[in-house]
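Once you scroll down, you'll see the structures, which are given as structure tokens.
Next come two complexes built around subunit A: one with subunit B, the other with subunit C.
Coming up: the complex of A and B.
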């Protein structure tokens, strides 16, 4: 129960931080000044605000944003401001000060998930070998592949030598053709799946097939060749563009709108640890 | 006759496999180049890069590997060629999706430098920052201050090393970037809210054809300035770079031919299957 509460608390605080960082301005609004920099000294900045010069003491919690030519703010140290800059200066609300550290924490956490995956695989495969489970020699291959991949990875960027050779063998002569081969199989499966499943059983199916043919032919030079003599709105590439830009986008927008509303609901449930299911009902 | 035609709905799938194999392999044996129709999304990206001012830099997030190289290789190749040709410096990153993305981008650049642009120099005309993990957090940090996310490039030089990476001395954050071009099987949409939404920096995608349907809505809303869709996008961009068809030799131009024949085989197979289906229905009465 303690672990569960701890996870719920950390999840809530993490979500709360990002929420507040998003809605709370980086500087206290009623003490923030925006104007042209008149002078900068180690102890104070003078800004011209609405024609009046205002002096701001440089304190440890003071944040300065310089406006870039596009109007976007760029955070700088107060001493880096130059006379003539447009700047926004005010005391920090502290939340945005931590964003880099918090982001880094989550990036490291995400990277750790890879390590966790590797540890999990090592445990499973070492168990297979120890207990001589069926096809345990496949698990030996796993360790060989992991070790080989790690060594070969060290050869990235190396100009010459056996490490470079190892990198070439693993990534260029093994991984690259194997990945491409697996992906290429999709073409064969898609062809047979379309052949077997695509039947005009109803008006809707006919409409779908007609649009599929138009889009498929419109994507390739043959579509242009077949219809290049027709008025432009009847040419297959133009018709395919209309389907993709108008009909398809309308459908995709509708779907994504629904999905995002669902994602907000699920996100809230995760954030508040209200989610229930196979994993969440278990005592950790 | 109906009986014979009805057999068309039960062709052995191995014949379909063989037809696809022949259709895709034939263009590699016989040298064929096909003219292409340039779609608006490709033309918009090309024209946007054409308008790039000389003091700006393009950020290319090249996060693809062998699995999708058939589509993504051509997409980065033509854009890198365009950038080299116009002498627009570019920075390569590979955010989140695959650790091999930076290596593959290096291969494409090496080929272009060897064959077409031998005077382009690493550190001056391009920099490869390598792979980083972090999803939207990484994107957010690259936008705010690229040095928060990357301390060194993929070759181990510090980003503050003015001697080896002079290009990086004029790049601090997203304000110095003219365009973010994200190329992968399915580009991360996080570039749109965290970079375009916050800073207004233009974004373009290069994606697999099958994934493109979800991104067209961003073209309509102006959140993407352009998009290269699969092999077709790469071939179209090559056509804009080289109006003379004989000069086109990018991966996109070569692969659009097997794709065209492959599509034809699928269409013919579906038509045959339906002829068989209707014949069987007619036979049953």
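Coming up: the complex of A and C.
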């Protein structure tokens, strides 16, 4: 139970930081000035606020945002502001200053997990060899590949020599073509999956088949050639565009709204350790 | 990093109020009803079928990092699948390309077997980090399917183009396949190659639906109230722009065209 309480506490604190970083303004609201930049020097910025000129000394904790006609204001170094810019300038609330360090911390944690991944692989493959499971010799090859990959990895960035050759052979002449081969399998998988999906077994399947037929023909010249004599709204390219950008977009946006709200709910459950089942079998 | 403006702050506060409010109401014993999700109902069926056949099953928690919401939701489903499998004395093999998922999945499955009183059935070798890239993982998972003669495959979480590389070989083995993803580009592939598909937000609702925990169900109801608010804002926005123009007071308050 202590371990779970610790996990819950760390989760809450980490979540709280990200939550506050998002909702707390980056500058102290009551000390932030918003106006037009009149002059910028290495030591101070002069802003025109409500017709009055206000001088702000450039200190290490000073943050500046340049306003843009559209979109969120862009964070810039105070000295990067230009005369005539609309800007918000104020002392930092410090939360945003740590975001890079906190993100780096998680990247380091993630990197440590690669070791666990390797341990998992070693456990599985050494077990295969020990118990002489079917195709155990493939597991021997795994250890050879790991050793070879590690040595070849040392050749990354090397200009010449056998290490560079080894790196090229393993990563460029073996791994890359193999990945492309696997990727190309997708074409065949798509064909078989489409065949199954397009067998008209129900009303929904028929609708899907008809829509796919229109969209596919609408994307190629023969679609226009077949229907060019019809009124424009009955021409295949027009119908295909309508399906793609009107009907499909409406459905996709509906899904998106649901997912976004769902993501907030899942986030809240994890943040407050209310999630049950897999993570916390009972209430803390 | 983007920061919340006033409108977003109000929206977050409203969503939190509805979700936490409904969780509080659920804690006090108010019964909650949620609609049936066929894909999730079939999970127990698939586990039962695999157990009857005496074959293991595969759980694949997607290709997203562990902090991805889809992956978190998938790990919630893994907890349920592992617990049911443990109760029935069956085996679950977890395959992943994300190393951080390995210890988390191991902990979840181990805990599930321990809770079911069958800790001896847990085998750490069944939690497999098979490859570092998605397409290699798909091939390796297909190999596990044929070697272990698996009878049920669960694909939950975030997926990319590898979705079809995973499910098509599975389809050919004759195993029952259930998938759920929040990546709508992959949904058609899952529908074409799986027996049941859980779409979009249903994935996020999965652990609440499966555990039937009143508090979790409360959060689902709160989620639905939040969606009603979003829908109302969309409708009001559409009507106000249609009849009052794009600079009407409602649009100004919402800040759409800022």
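Throughout what follows, the second predicted complex is superposed on the first by the 171 of 284 C-alpha atoms of A that agree within 3 Å, B and C clash if a C-alpha of one lies under 4 Å from a C-alpha of the other, contacts with A are read in each partner's own complex, and residues count from 1 in each chain.
As a working rule, a contact is a pair of C-beta atoms (placed from the backbone, for glycine too) under 8 Å apart; a residue touches a chain by one contact, two chains touch by 3 or more.
What you are looking at is a predicted structure, and each value in this text was computed from that prediction instead of being measured.
Peer 1: Quick one: classify A:232 as touching subunit B (first), subunit C (second), both or neither.
Peer 2: The answer is neither, since A:232 touches no partner chain.
Peer 1: Would you sort A:219 into first (subunit B), second (subunit C), both or neither based on which partner it touches?
Peer 2: After superposition on chain A, A:219 lies in contact with subunit B alone.
Peer 1: A:183 contacts which: subunit B (first), subunit C (second), both, neither?
Peer 2: Touch status of A:183: both partners.
Peer 1: In the superposed arrangement, does A:241 touch subunit B (first), subunit C (second), both or neither?
Peer 2: So A:241 only meets subunit B here.
Peer 1: I'd like to know which partner A:192 touches here: subunit B for first, subunit C for second, both or neither.
Peer 2: both
Peer 1: Applying the touch criterion given at the start, work out whether A:110 contacts subunit B, subunit C, both or neither, answering first, second, both or neither.
Peer 2: After superposing on A, A:110 lies in contact with both subunit B and subunit C.
Peer 1: Can A:120 be said to touch subunit B (first), subunit C (second), both, or neither?
Peer 2: second
Peer 1: Is A:171 in contact with subunit B, with subunit C, with both, or with neither (first, second, both, neither)?
Peer 2: Touch status of A:171: first partner only.
Peer 1: Who does A:134 touch here: subunit B (first), subunit C (second), both, or neither?
Peer 2: second
Peer 1: Find the residues of subunit A that appear in the contact set with subunit B and again in the contact set with subunit C.
Peer 2: Comparing the two interfaces on subunit A, one with subunit B and one with subunit C, the shared residues are 72, 99, 106, 110, 179, 182-183, 190, 192, 194, 196, 252, 256.
Peer 1: Over in the complex, which subunit B residues touch subunit A? Could you list them?
Peer 2: 11, 13, 16-17, 19-21, 24, 34-37, 39-40, 65-70, 100, 103, 133-135, 137-138, 140-141, 144, 148, 154-156, 172-173, 175, 199-200, 209, 212-214, 216-217, 219-220, 229-230, 232, 256, 259-260, 262-267, 269-270, 272-274, 277-278
Peer 1: Which residues, counting only subunit A, touch subunit B once they are in their complex?
Peer 2: My answer: residues 68, 70, 72, 74-75, 99-100, 103-104, 106-107, 110-111, 156-157, 171, 175-180, 182-184, 187-188, 190-192, 194-196, 198-200, 209, 213, 216-225, 235, 237, 241, 244-245, 248-249, 252-253, 256.
Peer 1: Tell me, which parts of subunit A touch subunit C in their complex?
Peer 2: 21-26, 72, 96, 99, 106, 109-110, 113-118, 120-121, 123-124, 127, 134-135, 179, 182-183, 185-186, 189-190, 192-194, 196-197, 252, 255-259, 261-270, 274-279, 281, 283
Peer 1: In the complex, go through subunit C and note every residue touching subunit A.
Peer 2: 1-4, 9, 12, 15-16, 19-20, 23, 65, 67, 69, 72-73, 75-80, 82-83, 99-100, 102-103, 108, 111-112, 115, 124-125, 127-130, 132-133, 135-136, 138-139, 147, 161, 164-165, 168, 171, 182, 184, 188-189, 191-193, 199-201, 203-205, 207, 210-211, 213, 215-216, 219-220, 222-223, 226-227, 230-231, 234
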